[in-house]
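Each of the next two complexes has subunit A plus one other chain: subunit B in the first, subunit C in the second.
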Partner chain A sequence: MSSELFTRVAQLVAPLSPELCLLLAALCALMTDMVGQRSVRRIRMVVWVASLAAVFCSLALMTGPLPISLFSRQPAPELELTPSSYIVDSLALSLKALIGLLTALAVWLSEDAFDEERSNAGEYYSLIAFAGLGMTVAVSANEFLTFFIAFELFSIPLYALAAIRRYRSESAEAGLKYFLAGSVSSALMLFGISWVYGSLGTTYFSEFPARFTQVASMPHALLVGVLMILAGLAFKMAAAPFHMWAPDVYEGAPPTVVAYLSSAPKAVIIGFCLRLFWADLDLESDLLRVSLADGWMLVFAVLSLLSMGLGNLMALPQVSLKRILAYSGIAQIGYLLIGVTAAGGQTATMAAGATLFYLWIYCVTNLTSWAALLACLPSDSTYQRGELAGLAQRNPFVAFVLLISFMSLAGVPPLAGFVGKFYLFRAIYAAGMPWLVVVGVVNSVISLYYYFGVLRTAYFDPPLPDSPPIRVKLGVRVVLVIGTAASLILGLWPGFALWSLETAQTLFVGR
Partner chain B sequence: MTDAVFFVLAGVIVASALGMVQARNLFHAGLALITCFLGVAGIYVLLKSPFIAALQVLIYAGAIAVILLFGFMLTHHVMHTDPHKRFTQQAAGLGAALAMGLVLVVTIAVSPWNKGAQAVPVSDLGSLGQQLLTTYLLPFELASAFLLAALVGAIMIARKEEGPPPA
Partner chain C sequence: MFWAALFLPLLGGLFILSYGQRLGRKLSVSLACGTVGAAFVSALLTFFFPPSEPDQVLFRWLDLGAARVDFGAWIDPLSITMLLTVTGVAYLIHLYSAGYMAEEPEFARFFGYLNLFVAAMVMLVLANNFALLLLGWAGVGFASCMLIGFYAHKQSALIAARKAFVINTFGDLGLMLAVFVLANQGSVAFRDVLQAPSDELAIVVVVGLLVAAYAKSAQFPLHTWLPDAMEGPTPVSALIHAATMVTAGVYLLARCEPLLRLVAEMGSLIAALGLLSAALAASCALAQTDLKRVLAYSTMSQLGYMFMACGVGAYGAAIFHLVTHAFFKALLFLCAGSIIHALHGEQDMFKMGGLARRSELAGPRWGFLIGGLALAGLPPLAGYFSKEEILTAIEQNAMTDSLFLGALLTAALTAFYVGRAYILVFWGPAEHGELHRPTALMSLACWVLALLTAGAGLVLGFPGSPALGAYLRTAPIPTHLGTGLLISLGTAIPGMLLAYFMFARTRPQGPSSAAVFRLAEKGWALDEVQRLAIIAPMQMMGRLLGGRLEDVASHRLPEQVGQTAVRSGQELGLSQSGLLRTYALVLLTALLGVMTYLLWQVRA
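Moving on to the complex of A and B:
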């Protein structure tokens, strides 16, 4: 009897183990902060151990039978299939592993970052874990209500984190701006969801195709609703023309927070776009594919074009390192959207695999670039480019990390970023949009200018006379080593890169 | 009859929403907001969901709005702020709002809406509760984590300044 109960509990708990790890981490961080002597070290350890446990659980689940559907509903009388609101498939698990890794990296990065506000450490780490929890749920959501709650669950902690240095006006301003822009995007998305529900009568993604075949032509309300949802998503991932908030927020918020909020949410949104728009990557069965076939590809292509163009052009005149990275992030979202566009074409599996591959590379490299800046600039720095002068002489290791990360972001061979972009461009070419390849390559060339501008300051300018010595903390050093190793290995060892890409592609076969 | 009630309610909602956005005095804006919430509750009654209407009155018009007004009254200096609005900004905002409204209204008018196979049962509380604890268990439980996270974040921001150590 008890063993039967145990089996039933295990069947429910096992697929949710990555989420439960992060939930426990968030609660433990709060409890640890409350009882005994507040040890920031202990709180931090709880959260990074739990994040790595989430990575481990996700990878372990990937070896088992997939997909697992949870929280199923009685099927509607006219439809055969049983819709479920939560799906644990290989796409979701690979993104959960990425999110867990980014959470752990962000925690390591934050070592001693909160010395000056020790009283906030418990809240800081628990909010990071809560955000991680929301993201791991969001990538598995197979229904709009679940997705929206998860979306808010990772958004709200990030608003608070952006404002964590509230006694500094720029951090408070960043928090407020992020909150206002984010609330508008959430409201827009929720409104769009209600329109989709009004048109199709369901919020379950798996019911969309069947419902859609019952409607004679594309209802305009559905079109407008999906566009509103897309606008909300574009806001969150800072894709042009919904990118206005990003540079201001990145500039004001604490850099440890920005390192996290500029990478992890993008992974969620890109994954969700793949799931919602090209659900099964199966030409026959998908709602939005059937309805507007090339239309959605064009919408994504335009978003991608604008993001790449605006991001790279606006990055050129910047002297603030934070703004350079913000605009570079907008441009990078453009490259990722190339992959999402291509995933709507004939070679969907290849494109989706390439997108996932580049997503991993971008998120880790972006976080590493922030870590490198954090390591070499003092905590009261204004992040002007000139402050990096002579970095190569002052600390060759950090300068080398910065060199590798920026060159990888720019897509210089033989680094990981080049391999990732190459596969993306190949995918969009195969999908029949060669003009986007041209745009992408031209943009990569433009981006070389500002990435190399920063590197030139770091390598060739003489150090300022009164530069303080650079001491890199252990946690930050770990992040730097992991990020650099990833960029180098994926770039210099083509066999491994090819294996990762093929693994990413097999994730999408027979989901 | 239903139509007439609907249009009266819609008028009240739109007018109070406009009043809220345009009010110079934050307290007046808060009062307009309550009126708007009550109008929405009326719509729910019209849609035969008295339970949702009751929740709307209790939570939105009651709890949230009262806390909002208390907040205004306790922080004196925000009571009579007169945000400096430029004409171009207002015109641009009005234009954008009208354009968006036009698109939405036209779309609503021309689209076939999915009215569902069977009529909605009148305020079936039992099945609502059951759905929340079975089909929608995950979002229901997630909402508790979400509220906790929001609470922690709000307290962290609003807590009395301990501030940075003296430089």
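Moving on to the complex of A and C:
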């Protein structure tokens, strides 16, 4: 009896172990704070150990039988499949591993970053852990309401984190702006979900194709609904033309927080786009003059084009490092959307693999770039490009990290970013949109200008006379080493990431 | 274990380049020698305990759709032979360098690049596919260029380094062409390409490979960089420009034998060009005044023999000569280095002379004598057996007799120039003051190489029981001791006698001023031909384009484009008002726009 119970609990707990790790860490951090045990180091260690444990659990689960469906509902009488709201497949697990890694890196990065971190350690770290939890749930969501709840679960802690330096007006403004913009996107998405539910009668992704053939008389409402959901998603990942909040928020929020909120949520949204649009919404219908799949490919292609173009062009005149990175992030989302576009074509497996690969590279490199800036600029810095003058002489290590990260973001061989972009371009070429390759390459050239502008200041300008010495803390140094090693290794040995390509195969089995 | 032969020198080289100067001379030199020594040990272990499968994949390296590239080694008798030769000779020359470069202040740069060279060379011979081979191929070119220009204060060294790099890069282009064609056909792995070569575009692949081999092995018409490469330190000349790197072309041809077979008519061309290179270089060698340049031309000439052997299909003989040549040419270079070292950098043979009477230089003298006699092809030294095998193969397989006759004539020329060099350096009346004594390490390396030169031929290639040929599993070449001896003595003895009569009886005070000699000394003015035929037109085109077109195309136009981009960025930036209501408006407008478009599309 008891052993049977144990087995059933284990069956439920094991697939959820990454989520449970982060949940425990978040609660633990909160409790420690409430009890009054304000040992910052201990709280921090709990959270990073839990994040790494989540990475480990995700990777371990990947070796087992997949996919695992959880929280199934009674099947509808007229349909033969059992819909479940939660799915643990290799796409979800690879993203969970990425999110766990990014959370751990963000925690290391926060060492003594600013005052709240000292006084409100529990609050700060539990918010990070809660955001990580929300993201790990979101990538597994196989149903709209589950996704929406998870979406809010990671969004709300991020709003609070953006405003965590509340005594500073710019941080408060950033938090408020992020909150308002995020609310608009949530509202749009929820509204869109209601349209989809209204037209199909279900929120379970796995039921969509069957339902669609039954109630195919009203594609217009479905179209409107899906578009609203897409707008909400695009808003969250700051894809143009839904990007405008990003530079303002990045500029005001504390850099440690920005490092996290500019990378991890993008992983969730891109993963969700892959799952939603190409696994279940790829609906063929004679009713539509344009096949709907082609239509979505076009929408994604336009989003990608606008993001790359606007992001890169607007980054050109910037001298604020935060805004450069913000616009660069918008442009990078454009590259990722190339992969999402390609995933709608004939070579879906290759494209999804390429997208996941670039997602890993982008998220880690982006976080490393922020870490490098954080390491060499004082905490009261305004992040102007000129402050980096003479970095190569003041601290060659940080300058080298910045060089590798920026060159990888720009896509210079033999670094990881080049390989990632190569795979993306190959995927979209195979999907039959060669013009997007041209756009992507031209944009990479444009982006060289602002990336190298920063590097030029760091390497060739003489140091300012009163520049303070740079001391890099241990946690930050760990982040820098990991990020740089990843850029170099994945660049020289792309085969290393093969498993993430194979990840996609399970997702698209049967296609 | 063969991976140790690659990774130890690689890591050692990178470490020495980064920290060697801080580490101190003793530590970094021991590290350099130690890693290469360990590489040799691992090569020996691979020889005694070879893996059962030739294809040894370490990991998947690149994934390019159809063509997947593994990071792996191809361990067969050919690559083991090359590995042993490369690491063995490299180890000896590392030891020698420890003595030779004892006063060099920038030892870290020297030993670091020397180690990197060994790593790249090992990668070249171990690679199990053409892409990895290309990596090693370009790597040795890079290391060679850095080492030729090692004495960076000398303008001539820098120019020589640049020249070597440009010509070698031209060769790399040929190899790249071959790799791209093969990759397009589906695979660059030896496993696929060599075991089931495809006829399609084989001519392009073969021509690409030949261009690469000719540039790397300094064969006519891509040979002009090799004599100039002697600007580098002497151990570099011995290791890179005599024993190992320049033989990579021969290795490539031997490795790609199945591909070359597809284009049968190529064989005669390879053989003919090989003879041309051999004869041309020998004729240049006999007019040189600089000791090292004699040896450089001699290297090119011997490589010509190896290409001739490849041309007539005797790959085993080519590899045999490659191995023995590595021994005796390294020996000659190291002895020449000891002499130059002793004479404080003097390289002109006409200013040497009389060194046979100096007891300090007895070692280099005997070493040079053994190496020289091996080069001339006298039994029972190593050079005799390998050259014999090549000559027999040419005699039996070549289309025309003229190839054989040319090869014999070149052999006589070889004996002549080596005799001339020996007489000019060691005999005669000249007096020298204080001499630099070669250090113990330098002598040790020379003695080991002398031993190998004396014994390797007997062990590896005795007529009737060629151990190396059996190991490489090539078709045996029926050589006869009697006729072999006759041929060898018939060419070498007259050549040396001629040298004796011309230079020993009455020692000339300087090089002959006859026009033909001066022309030969300048390498038959092929440099000038190249300058006029290739460089000058390019420069003219450059000036033509550089005048107006460049100003517009690469200054004003990009400037305009760039400024337009920055300005548009600024104007777009104006939309970034900081007001949330603006952002919401943009959002809704965009959403409505897309919605209208899509609804309009599905309307009918």
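Observations, loosely collected:
As a convention for this text, the second predicted complex is superposed on the first by the 473 of 511 C-alpha atoms of A that agree within 3 Å, B and C clash if a C-alpha of one lies under 4 Å from a C-alpha of the other, contacts with A are read in each partner's own complex, and residues count from 1 in each chain.
Note that a contact is a pair of C-beta atoms (placed from the backbone, for glycine too) under 8 Å apart; a residue touches a chain by one contact, two chains touch by 3 or more.
Since this is a predicted model, take the numbers as computed values, not measurements.
By the touch criterion defined above, A:F71 lies against subunit B but remains apart from subunit C after alignment on the C-alpha atoms of chain A. Looking at the shared chain after the overlay, A:L190 reaches neither subunit B nor subunit C. In the superposition on chain A, contact is made by A:P494 with subunit C only, not with subunit B.
Shared-chain residue A:L180: touches subunit C; no touch with subunit B. Look at A:P219: by the touch rule set out above, it reaches both subunit B and subunit C. When the two structures are aligned on the shared chain, A:F130 is found in touch with subunit B, with no touch to subunit C. Of the two partner chains, subunit B is the only one that A:G201 touches; subunit C does not reach it. Look at A:I149: by the touch rule set out above, it reaches subunit B but stays clear of subunit C. In the overlay built on the shared chain, the residue A:M45 is in contact with neither subunit B nor subunit C. In the superposition on the C-alpha atoms of chain A, the part of subunit A touched by subunit B in one complex and by subunit C in the other spans residues 219-220, 224. Subunit B makes touch with subunit A in their complex at residues 103-104, 107-108, 110-114, 116-117, 135-139, 142-143, 145-146, 148-150, 152-157, 161-165. By the touch criterion given at the top, residues 23, 26, 30, 70-71, 73-74, 76-78, 85-86, 116-117, 119-120, 123, 126-127, 130-131, 133-134, 137, 145-146, 149-150, 152-153, 156-157, 159-161, 163-164, 166-167, 175, 198-201, 211, 215, 219-222, 224 of subunit A touch subunit B in their complex. Residues of subunit A that touch subunit C in their complex: 177, 180-181, 184, 188, 219-220, 223-224, 227-228, 231, 235, 241-242, 244-245, 247-248, 287-290, 295, 299, 302, 310, 313-318, 426, 446, 449, 493-496, 498, 501.
Note for the complex: subunit C touches subunit A at residues 59-63, 65, 71, 562, 565-566, 568-570, 572-573, 575-576, 578, 580, 582-584, 586-587, 590-591, 594-595, 598-599, 601-602, 604.
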